[in-house]
Amino acid sequence: MVDVEKHYGDFHALKHVNLDVQHGEVVVVIGPSGSGKSTLCRTINRLETITSGTITIDGKELPAEGAELAALRSDVGMVFQSFNLFSHKTILENVTLGPIKVRKLSRAQAEEQAMTLLERVGVAHQADKYPAQLSGGQQQRVAIARALAMKPKVMLFDEPTSALDPEMINEVLDVMVELAKDGMTMVVVTHEMGFARKAANRVVFMSDGEIVEVDEPEEFFTNPKSDRAKDFLSKILTH
Amino acid sequence: MDLPELLRLFFSGMWGTLELFFVALIGSFVLGTILAGMRVSPTPVLRIAASTYINVVRNTPLTLVMFFCAFGLPFLDIRFGASSSFNSFIYASIALTAYTACFVAETLKSGIATIPVGQAEAARAVGLTFGQTLGEVILPQAFRTVIPPLGSVIIAMLKNTSIASAFNNRELISAMRNAIELRGDLVIPILFGTALGYLLLALILGRVFDYLERKLVILR
Amino acid sequence: MKKLSISIASAAVGLLVLGGCGQGGTPEEPAEGGGESQAAPEYPVNENADVADSKTWQAAKDAGELKVGVKFDQPGLGNVSTGSDQPEGFDIEIAKMVGAELGFAPDEIKFTETVSANREPFLQQGNVDMVVATYTINDERKKVVDFAGPYYVAGQDLLVAADSDIAGPEDLAGKKVCSVDGSTPAQNIEEKYKDAELVTYDTYSKCVTDLQSGSVDAVTTDDAILRGYAAQFEGEFKVVGKPFTEEPYGVGLPKDDKALRDAVNDALQKGMDDGKWTEAFEYTLGPADDVKMPEIDRY
């Protein structure tokens, strides 16, 4: 990402953002709410458009709306805060829809692959249920499986645990840690410092639409350089 | 004309009503869905075209729409076969479809508005195109949320088929006029009988929609 | 129940009248028939009329108003032309002729629109005192209303383009013939002339429009009605003139008021005898030379 700017009317949501994520790298984006970290995440697959600047994935610039953009999005997995599973489809159908419609897999192939993924995230026995019949943690794991089914080059996580009850947070984080270990390229917006320490290669700290600090997790948490990061960390780590 | 003959007359009329109803039902769902899709499309031309069509046709009395189809289309030499009764059936179907599709589209659009925006975002994030997002994720959910109001639209269409009798279509109202002409002594019972015919069909439709609503309800 | 059925009947009128609203009629002028009788016929009012045995007549006399149900949409018979609020036509003249004989001046006769669906209910409920509205006498109807007359025997006929070679119903095979949806003439074509292709609308004026444009080859209904259109579109259309059914038009009256029925029959007979009937016919429907006066049926 080079010189990315984003305005909502008068509000300057992203200011001069530059970020480069390597293959296989796990980048965790943290920062106070309203700092622009979710917006940053959503611009990467153009769910939010940007006002200026460039975003390139694998050397290619993000295309405008259309078939090309759809193709690009299929290579970028996304996991939302509110899961956003398709509520009229079963768990299995949620995971097979993309592969069948976009990757043009046969139903049998797609289902086989989906069952493997559901197995991996631990909800295979729920395959025939509807999203509303599952707990939040289970739904989020299905959402991860849905994204993985597209065999994405990079996965975006937009506060994946913020809408979960505390006891369900770990089951989702465990899946994410596994993914990170397997070498998936990940951009994770989260408040889970434990995850950042355990899985991240780099931590990006954002505040007021700017990237304030980028560092390795250990260094960032023990020795933050900017005042804003110190202030933020002191607020969340005192408890 | 005795009672069994009267009943036969009414059943043949009811059959005429049903034929028109089913053709227009399918037509208006197809056209209505397309119009609703155009209404929410990212392409301004499609949006404007659909909303213009809907605003013009929906606000024209159905009798006039029928008039345009029954007398305007043949004037433009648009015909669908040699027999005028088949032509008239198609003209009436076109008119009913064109008219009802507007209401189907508006109902669907209101249904689309109730679908959380995250559903479309998730679909797009998976890589579905706009058309696929609409067809696989948004419309199926929108349909389910608007089954009750859609039922009202469809029941209104059932009753609107009665206008077609004025344009060379034999249906329930034709049977009624026919029966009144033959049995002047039974005018009031014949009127009641006709109303009962529509009531019966509408009640059956209502049950079908109730069933669909229960069957297709989406848990959130 | 009576109140309920009145409102139903009124609703039915509303329905059927609305259905007929689409017709784009041209103002109807009285047909310029025989040439001699351009002026409206006048009927001397019988000041000594006394039908006190009739409840209906007595009530009408007390009210100073005779309520007559007529058609408002049949050119030549009973028709209200655009911009006018008074109906005109042969039925109207018959009503005035009978009314005069019963002691009602023209301004004491109140015309109410009746359509096929409400003639019987209106008579049964007393909304009208009599009906003169192309009302064919038949046994089913006699079960609920009485008939005086017939005052004219119409027959189903064909209206065709002036240069058409259709000379009778037997020439209709493969032709498109138009009538009003659900009407007796439409049923006759459907049953007896299956080779003809029937087209039906809610009004005859739509049929006439189609005949003008050539979309249909003939319009069929009672000859009296067709004469009205032929007169309106002189030179363009002609009535074939070979009636193939008999439709005796009667004056519909409330059931079991024999005194009134006798009085109306007398009035009709008198009109036929003293030439008023012929005057009325020529004033509204055209030359009466080849038209036979019917035999009154005092059943």
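Note that the chains take the letters A, B and C in the order they are written out, and that residue 1 is the start of every chain.
Here is the rule we use: a residue touches a chain if its C-beta (ideal position, glycine included) is under 8 Å from a C-beta of that chain, and two chains touch if they have at least 3 such contacts.
This is a predicted model, so every value here is computed, not measured.
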{"item": "Mutual neighbours - chains that touch chain A and chain B alike", "value": "none"}
{"item": "Chain centroid nearest the full-protein CA centroid", "value": "B"}
{"item": "Centroid comparison with chain B (C-alpha atoms), farthest chain", "value": "A"}
{"item": "Centroid spacing, where centroids are CA-atom means, of chain A and chain B in whole angstrom", "value": "45"}
{"item": "Where chain A and chain C are represented by their mean Cα positions, the distance between them in whole Å", "value": "82"}
{"item": "Between chain C and chain B, distance of the C-alpha-averaged centres to the nearest whole Å", "value": "38"}
{"item": "Shared interface positions of chain B, touching two or more other chains", "value": "none"}
{"item": "List of chain B residues in touch with chain C within their complex", "value": "1, 63, 67, 71, 74-75, 83-85, 88, 165-168, 170, 173-188, 191"}
{"item": "Parts of chain A lying in touch with chain B, wherever the complex brings them together", "value": "45, 47, 65, 67, 70-78, 80, 82, 84-88, 97-98, 101-102, 130-133, 143, 146-147, 150"}
{"item": "Chain A-touching residues of chain B, taken from the complex the two chains share", "value": "42, 116, 118-119, 121-129, 132, 136-137, 140-141, 144, 218-220"}
{"item": "Chain B contact footprint on chain C (complex, rising order)", "value": "5, 8-9, 12, 19, 22, 116-121, 138, 140-141, 143-145, 176, 180-184, 186-187, 197-203, 206, 209, 213, 215-216"}
